[in-house]
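There are two complexes below, and they share subunit A, which is joined by subunit B in the first and by subunit C in the second.
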Partner chain A sequence: MKSSNPSKQPTHEPMSVGSSAEMTSEMTSQREVIVNLESGLHMVPCSRIAEHVRDFEGSVCIMVEDRTVDAKSIFDLLTLRAPMGTVLTIEANGPNSADLVNGLVILFERNFETE
Partner chain B sequence: MHTKHGIAVSPGVAIGPAFVLGVEDFRIPHRSVSVDAVDAEVVRFRCALEKACEEIGDNEKLASEQLGKQYGAIFGAHLQMARDPKLQSEVEALIREKHFSPEFALSRVLGQYAKVLLNLGDMYKADRAIDLYDLEKRLLRHLLGERREELANLTAPVIVLARDLTPSETASLPKQFVLGFATEVGGYTSHTAILAGALEIPAVVAVGDIVTDVSGGDTVILDGVNGRIIIDPDEETIQEYRDSEKRARSVAKRLVSQRSLTSETIDQERVWLMANIEFPEEAEHCNELGADGIGLYRTEFLYLESSREQSEEEHYEAYRQVVNAFPEQPVVIRTLDLGADKVPSQMPQLYPVGANPELGLRSIRLSLNDLERFKTQLRAILRAALLGDVRIMFPLISSVIELRQAKSTLNDVMEDLAEQGVPFNSEVQVGMMVEVPSVPLLAEDFAREVDFFSIGTNDLIQYTLAVDRSNPAVAKYYNSADPAILKMIRMVVEAGEKHSVPVTVCGQMSSDPKYIPLLVGLGIRHLSATPHVIPQLKEVVRHLTIPQAESIAAYARKLELARDIDTYLRGELNKLCPDLAK
Partner chain C sequence: MKLAEFVIEDAIITDLTANSKENAIREMVKSLCEAGRFATENEENIVAAIMKREELGSTGIGRGIAVPHTKHPSVDSLVATIAIAREGVEFQSLDGEDVHILFLLISPPDRPGDHLRGLEGISRHLKNDDFCNFLRQSKTAADVMELLREADEDRL
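Up next, the complex of A and B:
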């Protein structure tokens, strides 16, 4: 299931557009979350994650132990072995990455409003 | 030359080149595409993806509204899968670099994903693989669906061979170029078969493997009378069929010319011959064939044609069109008979079938379970009833309580309309289908509460003899002439006579000329049949006297075996109308 991501590649450099104030948010943002879903990170939560990051201009990945998946791809997310209690690391690169990651953390905290 | 046997669902014979339709489901017609076609194929893939996304989005909305958010979320996940950037890039890479067809590329990529998920081992991940399967099916349907548009571009007459045809595909077959069709699956009473009859195209279903056995362009003979398809026939066989085709055509021509004659026996007993229809557009043609009205309008086809809920106005418009074709004659509108084999293909999730769909939540039970939809339909019927002799019929009634519930809903709707000042016909006749054996057994109880009965032989036979005719392994146990069926018809007629409730027979039995003398002899005076057989049925009625019909029925009822009854009736038809005997 590995292949290059056709969407925009992560940009670590400041975007040429936008005000300088935005440049501070160009950095990498990283946070940890705990899977608090009885049946683990199943299809519906994965789809919520993919939906949430879909329009993000940078790259987002989720890591668990030694594995890293692209959060924009539900197929990738589905391969995360993340039962209840798993600690995941979310990492985003790009404009307003902190907002994006915070949004994802809220999704996890609210249990994706599915359970 | 070799012959395949199936179930004859629409009479007639056709001889012509085979047109093998893009295969559905998981059989991919072509694995590779030419280098020049790569760009076009990528575009075709993107279009299919886009259409699938739209469709999933619609389903998500509908499922959320009607079933709850958690069901909508499943489609939400499917939507994210369809939009997955990796899926798109990997499929397109296979098309561009390896010249795979989009169907094959898609199947490969999704297959790999499914394998990865299955190998993860956890139970819940195996479930995800099933969702991938579902997505693959949907995308393939869109990809192959476009290929199927080739059907609309036909320029020469062909015989269509397909794994299966959906009702909408059947309905949209270009009649001038499609001489007939054969499908690998399907049954006599499946909605595709019913439509073939309505379209007057010879058809044979359930013939087994043909799509892989026959190449496009091979000459085939489609025998819709005997349920045969002959592949690569010899000259002699072709000549035989040509001769019989010629004879059949001249008989048909003569019969249609008699459309203005009244359907009555030699001793002047009126036998009403009405038509069964699925689409409002058919009504006008029924009129041309000399039908005495519409005896069964199967309104569920409004839903089988569309992925959406139908509005009151859409119902009303359809009913208005039918009544306009028959302003003076009865138009019997049957309320939705969805479920079991009639599930809108776009929304299977809304029709939980359970392990045994024929005994599950279907037909009137589904309507009583979803009163909003039921009331919408009843409002439209009551309004259209101002335009002519519209009658309401409830399908699959199995107990008096069910009938009362349906009638009480109808009363509620009338009260609502009256309160809102909407004009409607409060005098509309209300009847029920006789399809479940409990009804003939208690026919008198039901007769006290309805204005008419209509015997739906397809389901009545299925439930009485416990046989699914679309299952080739047991199809031989399905027989309209079974003594138990004749007894049930007689029970209904007797109860009807006692309570002045007219009895119609609809369903496939009344569309077969050999059963007409028997049914008339059993006391039936109203028949509703596939439109194109009406001229033939009228020919039989006009050659019959009532004492003769009664003696045929009496003799048939003495026979113990369905097979003997069948042979006897065929012989009697041959004596009455040799032209019509098969």
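Up next, the complex of A and C:
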């Protein structure tokens, strides 16, 4: 009965990180990020993304141009082929999706602490 | 990027028997060196660079697959080899499983786009269970190359 658990209800507060925050519905959160890694979105950041979203109860996808990949699959993430400067859209659907997306945005903003 | 364009047939190992991650990487690098892709004097340095990269997190990405890699100035274009380990290699993989398929990549430091395109090409095919099963069944380097060409042409 996950849907009846009040602690799992999404917040109605506006997302606090950045100005492009968008809550597209109660359960769906979406944000844009820019790849700021000289080597692009290589295997280390892809691993960190997959690890970050692994236990999320809903779905998470990352979109670039006309492609959409499952952020829980490192194999999918590695097909993003996103060099430095690429704008990606992160979309999560499920309980506490805003927290999850904000966490991913912070990973991008900190360059995954790899460079 | 098509796999057959950067996987070096002469360096493919279809019966890798290494008993550790480092030995697996060492054998694959040696194989690329013997195939003439870089000078022997660079061999140890490349092995060390790949092992250092592994310290950031294992490239054993699950499903029995590992993609060890590094950038190195001794190559002027992306080169790769494939190894198939029948018995499996302990690789500290993300899912804890032994590795049976290894793709090892070396790319020039100044061409990150090539590295990303190589990773994309490899990952796109490794998502396909048929591709992985056929790869593991390959007995010779020629079998592997034929499979890569079929995959490149979406004939699987």
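Please note the rule applied: the second predicted complex is superposed on the first by the 89 of 115 C-alpha atoms of A that agree within 3 Å, B and C clash if a C-alpha of one lies under 4 Å from a C-alpha of the other, contacts with A are read in each partner's own complex, and residues count from 1 in each chain.
One rule holds in what follows: a residue touches a chain if its C-beta (ideal position, glycine included) is under 8 Å from a C-beta of that chain, and two chains touch if they have at least 3 such contacts.
Quantities reported herein were computed from a predicted structural model and do not represent experimental measurements.
Using the contact criterion defined above for the overlaid structures, shared-chain residue A:K72 touches subunit B, although it does not reach subunit C.
By the touch criterion defined above, A:E38 lies against subunit C but remains apart from subunit B after alignment on the C-alpha atoms of chain A. When the two complexes are overlaid on their common chain A, residue A:N111 makes contact with neither subunit B nor subunit C. Of the two partner chains placed around the shared chain by superposition, subunit B and subunit C are both touched by A:P83.
Put subunit B and subunit C next to each other and count what each touches on subunit A; the higher total goes to B. Touching of subunit A by both subunit B and subunit C, each in its own complex, is seen for residues 39-40, 42-44, 47, 50, 73-76, 78-79, 81, 83, 114.
Of all residues in subunit A, only 1, 3-7, 39-40, 42-44, 46-48, 50-51, 54, 70, 72-76, 78-79, 81, 83, 114 touch subunit B in the complex they form. Every residue of subunit B that touches subunit A in the complex is listed here, in rising order: 70, 73-74, 76-77, 79-81, 83-90, 92-93, 112-113, 116-117, 120, 122, 124-125, 127-128, 131.
Across the interface of their complex, subunit C is touched by residues 38-44, 47, 50, 73-76, 78-84, 114 of subunit A. Interface residues of subunit C, counted against subunit A in their complex, comprise 56-57, 59, 61-63, 67, 69, 94, 112-113, 115-117, 119-120, 122-124, 126-127.
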